[in-house]
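Below are structures written as structure tokens.
Look for subunit A in each of the two complexes below; its partner is subunit B in the first and subunit C in the second.
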Partner chain A sequence: MSATPDSTSPAIELVGIEKAYGQAPAVRHLDLTIAQGEFFSLLGPSGCGKTTTLRMMAGFEFPDAGSIRLDGHDVTEVPAHRRQVNLVFQKYELFPHMTVRRNVGYGLKVRRVPRAEIDDRVDEMLETVGVGAFADRRADQLSGGQQQRVALARALVNRPRALLLDEPLSALDVKLRKRMQLELKSIQERLGTTFVYVTHDQEEALLMSDRIGIMNDGRLLQVGTPREIYGTPADPFVADFVGELNAFEVEVRKVGGRVSGVVDGSPVDVPSSASTGKRWRIAVRPERMEVGPAGRKDALHGRVTELNYLGHTLQYSVETAVGELVVRAGAGDVEREPGSAVSIWWAADAVIDLGEATP
Partner chain B sequence: MKPNRIVAALQLAPASVYYSALFGAPLLVLVAYSFYTTENFDFVPEFTLDNYVTAWTSEVYRTYFIRTLRISAITAAVIAVVAFFYSYVITYTLRAHRSLLYFFVLVSMFGGYLVRIYAWRSIFGTEGIANSALMSTGIIAEPLDLLRNGEFAIIIAMINFYLPLGILPIYAAMQNVGPGQIEAAQDLGSSRLGAAGKIVLPLALRGVTVAFVFTFIATAAEWLTPQLLGGTEDQMIGNRIAYQFGAGFDWPLGAALAVTLVVVLAVLLGALFTVVRRWVR
Partner chain C sequence: MRRLARWRRVPWPSILYVGAVLLFLFAPLAIVVLFSFHSSPRMAFPFQGFSLRWYEEIFTDVEVVRAMGRSAIAAVTTGLVTAILGTLAGLGIVGLSSRTKGAVMFFAMIPMSFPALLFAIGLAVYYRELGVGFSLGATIAGQIIQSLPFVLLVISATLDRFRFSLIEAARDLGAGAFHAFRTITLPIILPAVLGSMLLAMALSADEFIVAFFTAGQDKTLPLIMYGRINIKLDPSINAIGTVLLVVTSALAFISARRTSKESL
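After this line comes the complex of A and B, so read on.
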């Protein structure tokens, strides 16, 4: 029962969206296209405008400027109850006076779907999300995880053109959250419905999404696959927000015919955009850095200040000429005790370009 | 008794003592009087059912009972509807100003009964403000019967007096229904009005029922408002009861009428609660 799109148009298009609350801008000139059947996440810190953007897609907020298209149709001014999208609320917002079955059937009943069809679709959806056994319980007699699944079923049973999810897992404990992440992803793949998922949890976004849009301060900073976002962040904020980062400045010089960054007398790789004679900001992820015995050529040199055992990894803090760096190594590697001198190096493709350093 | 039972009994004591001494006991006396016999404008403790026979079979009293229930039912129903929408607006639509709007409800109770009833008396009546204003603007040529003293005037004035009593329980019940649940209903295709009917009303129904019952009981026992606004015709049963305990000098009949009113109200409201409970399920 996959939701086959009516058209070859994108599921959702936002064009030049502006939204302010009084004097405070919430969303600034946002353009975004979400493809049919895509799992798209809007990721950013609280107050970045991601929830406002989602609520504009749902029809609870209306943009001051710009337009919203759903399956190619302009819905900018269409209110929530006449938009063919459904929202899974952060606090679920189930109707406490109704049974699970009546909660899930609510949208179909409002749209005057025949009784028999409602029953079939509700039962099928309750099985899909795994709460078939609780169909006749009242909504306020369910655990948090069960309520989450009912909220999902209540939205999906309407076969929306797109399902919008507003931090739906944030109220669950870690273990349940991890399980629901995988389940949500597999339900999305099975149904083929377009999902737009708002979260501030970068791991969650990386794990579940086909593509991620990173927002900060009302702006959409970068849109890309998890690999692109993590590996080649387009913006210092993106680089810093998604994953951990060792960022530092190097002097760009020609060393032996190659353009290199020079740190502590040793040449290191710099992005091709770097020009000689300038100071450049680069960054390397902790797990892309290698740590080894002191004295290695073309490497940074430093001293271990801290060694933490994290189960699957070893995490070092190393004092170097560019400041303290965090380096992660496999737990099977040789452990280097605090105080020992080490070399740190990385592959050329591990370098993230943060642009010319501002003096 | 377990210690917490003793504590609970002590906590209940002030209210129980107060109500048994000052409400329960007089009520029993009243019930006793209703079976007494009247002789020469006095009554003697001689058991009789005559008072109830009069109260239940007399055409006159039936008219008063029916008028009373009609006035109270209309008043309580109008109050329940108006109070529901007022509570809805201050809880959801104008959420930012709800303290102020809630304060207005309380302020409307400050006026004092006498000031307000005389204000209403000057508005209604053949020569009242309502009729003279309409006549001076030329909208009507003759005073309207509707705006003279009578049922309509009683109902309008009692809505004014008892509306806060209706708003308070409905407003309290609505605090349990978050704006998110209304949005959820809208997201699933309900209009704002649809969401109010399918989500807010059932969840606040207990409050709406309490509002209806409070105002129904309070208005059914009214006698001062109909005395001052009912004109010569449209008196309520409270006026007849007051009369029997006053100029009428027939306390047993007055007591029988009062007990009958209590029983009728108890039966009607019991039935209402049963229906509402079924409906919610």
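After this line comes the complex of A and C, so read on.
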């Protein structure tokens, strides 16, 4: 509580965090620094340790090893009610016996903020999140989306040094979820509060975040901007988890003085790290692949097995020498019927390096 | 209108059956209430007219009024103590693993299935061994033991449904453990606590067996009634019975309303 905001330190630092439940490790040697005012997402599959990490930041779980700093102050041992961060729970956890206004004012009242100030700040925050009209309703008489907003207001009204959100939109329907994603982002930008956002929805993470941390099996695999994560995944898991992927192996050879991967007799670009004489795993995203008439030089050849119309895109399944590839093209492009022979190619910078193939 | 339509769908044998049950259940009560207003001491038909003479009699009868006072003290004390103990026990039990919890609840429920007569006699012998005199206090202690399982049952069922993540939300907003309990847990379980307290009060108000063996000179209302039936069929017991009936059914009614409102 005595911690004075110090904007020169990172908002949150996790150093060498280990956490196990009994024998089962939930978080393994995690280092992470989150900057002031950043929208940071933790993304990973179910059970990878996202919630555990967030709860350690909130002070509901304590690491077995490592330390946690908020604004440069060590809070590793500080319990939740004395940390200047607030958590938005996945199931909102609004107090059902209180009105919206009392829910939102709860934290301020606990901290003995004067009555008049509580009223002002609560009203202002209810307007900010767009539930001013429901201030005097009981919290259990709201729709899911409204409850979500109240939960957000209840946390933000305390002006936390960081706001922690655990899959806050997962209970909403798709349409509302999309709208709330944009709204959350704009509220975050307006208030300048550091957000740590847990999700297993990669699209959501890409859309909202300044930076994303990808977790799997208790480990943080890569931290980067959405562009970095999507375009240059550090690791096969990241590449596969974020976005769709066509992964296959190529033979690395010197072709006409250049190191190339050879597939089906045609040379394709390989990462600069690839060494000749080895088999290399590479990947290309479906939307980075181009599909055109058969017979093109320096391309893969295949036959369309399926064509799906997705509204804004055409999605092809193409049978090739390296297996079935998924290719996406704009809906305005020439449609290639199932059965027709096609060529598939891609730009050099579309290649994602997955390392040497293990035999 | 709606309600009537719903009744029509009930087959007539069911209506007949329920009617018969209600008749056998409530006819004796109805007779007690009716004759408590009878102007004649004769407890037989034909009914000769209404009067409040029996009520006048009991409320000016020092013995009866004192017994009412004792019964009220016993009911209120039993209610308060069992509500507090039941809440504390419930909070202690709710966090246990389901196996331990099952075992604890099993032992906590024993007084409910134990024959009241044996319990009362045992209690009397025990008091005598300890050198504790028979008194209202001795009776209240016994009634508390008897009604605690009912209270615990209601409260622990409520706590089972309580979302303890709400407490985490309160802690996250800066509340200490006790503050979170006072502002979140307690208000949410309060209807069940009050409901079970009223239930314990109703159980105490017409409790007979424990009082019979342990009250000594401090006779409660049911004991006074029993004494009067024994000597001669005194019509004033109809009035006492009616008072008791009104109090206990009011308590039970409010209790049922409170606990069902809570479970919404």
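As a working rule, the second predicted complex is superposed on the first by the 354 of 359 C-alpha atoms of A that agree within 3 Å, B and C clash if a C-alpha of one lies under 4 Å from a C-alpha of the other, contacts with A are read in each partner's own complex, and residues count from 1 in each chain.
FYI, a contact is a pair of C-beta atoms (placed from the backbone, for glycine too) under 8 Å apart; a residue touches a chain by one contact, two chains touch by 3 or more.
Here the structure is a predicted model, which means the values were calculated and not measured.
Q: Specify the outcome, clash or fit, for subunit B and subunit C once both structures are aligned onto subunit A.
A: Superposition check on subunit A flags a clash between subunit B and subunit C.
Q: Could you say whether A:96 touches subunit B, subunit C, both of them, or neither, answering first, second, both or neither?
A: Once the two structures are laid over each other on A, A:96 reaches both partners.
Q: Would you mind listing the overlap between the subunit B footprint and the subunit C footprint on subunit A?
A: Of subunit A, residues 58, 60, 79-82, 86-87, 89, 91, 93-97, 106-107, 110-111, 154-155, 158 contact subunit B in one complex and subunit C in the other.
Q: Give the list of subunit A residues in touch with subunit B in this complex.
A: 58, 60, 79-82, 86-87, 89, 91, 93-97, 106-107, 110-111, 154-155, 158
Q: If we count contacts the way the header does, which residues on subunit C are in touch with subunit A in the complex?
A: Of all residues in subunit C, those touching subunit A are 163, 165-166, 168-176, 179, 183-184, 187-188.
Q: Write out the stretch or stretches of subunit A touching subunit C in their complex.
A: 58, 60, 79-82, 86-87, 89, 91, 93-97, 106-107, 110-111, 154-155, 158
Q: Quick one: in the complex, what on subunit B touches subunit A?
A: Touching subunit A from subunit B are residues 178, 180-181, 183-191, 194, 198-199, 202-203, 280.
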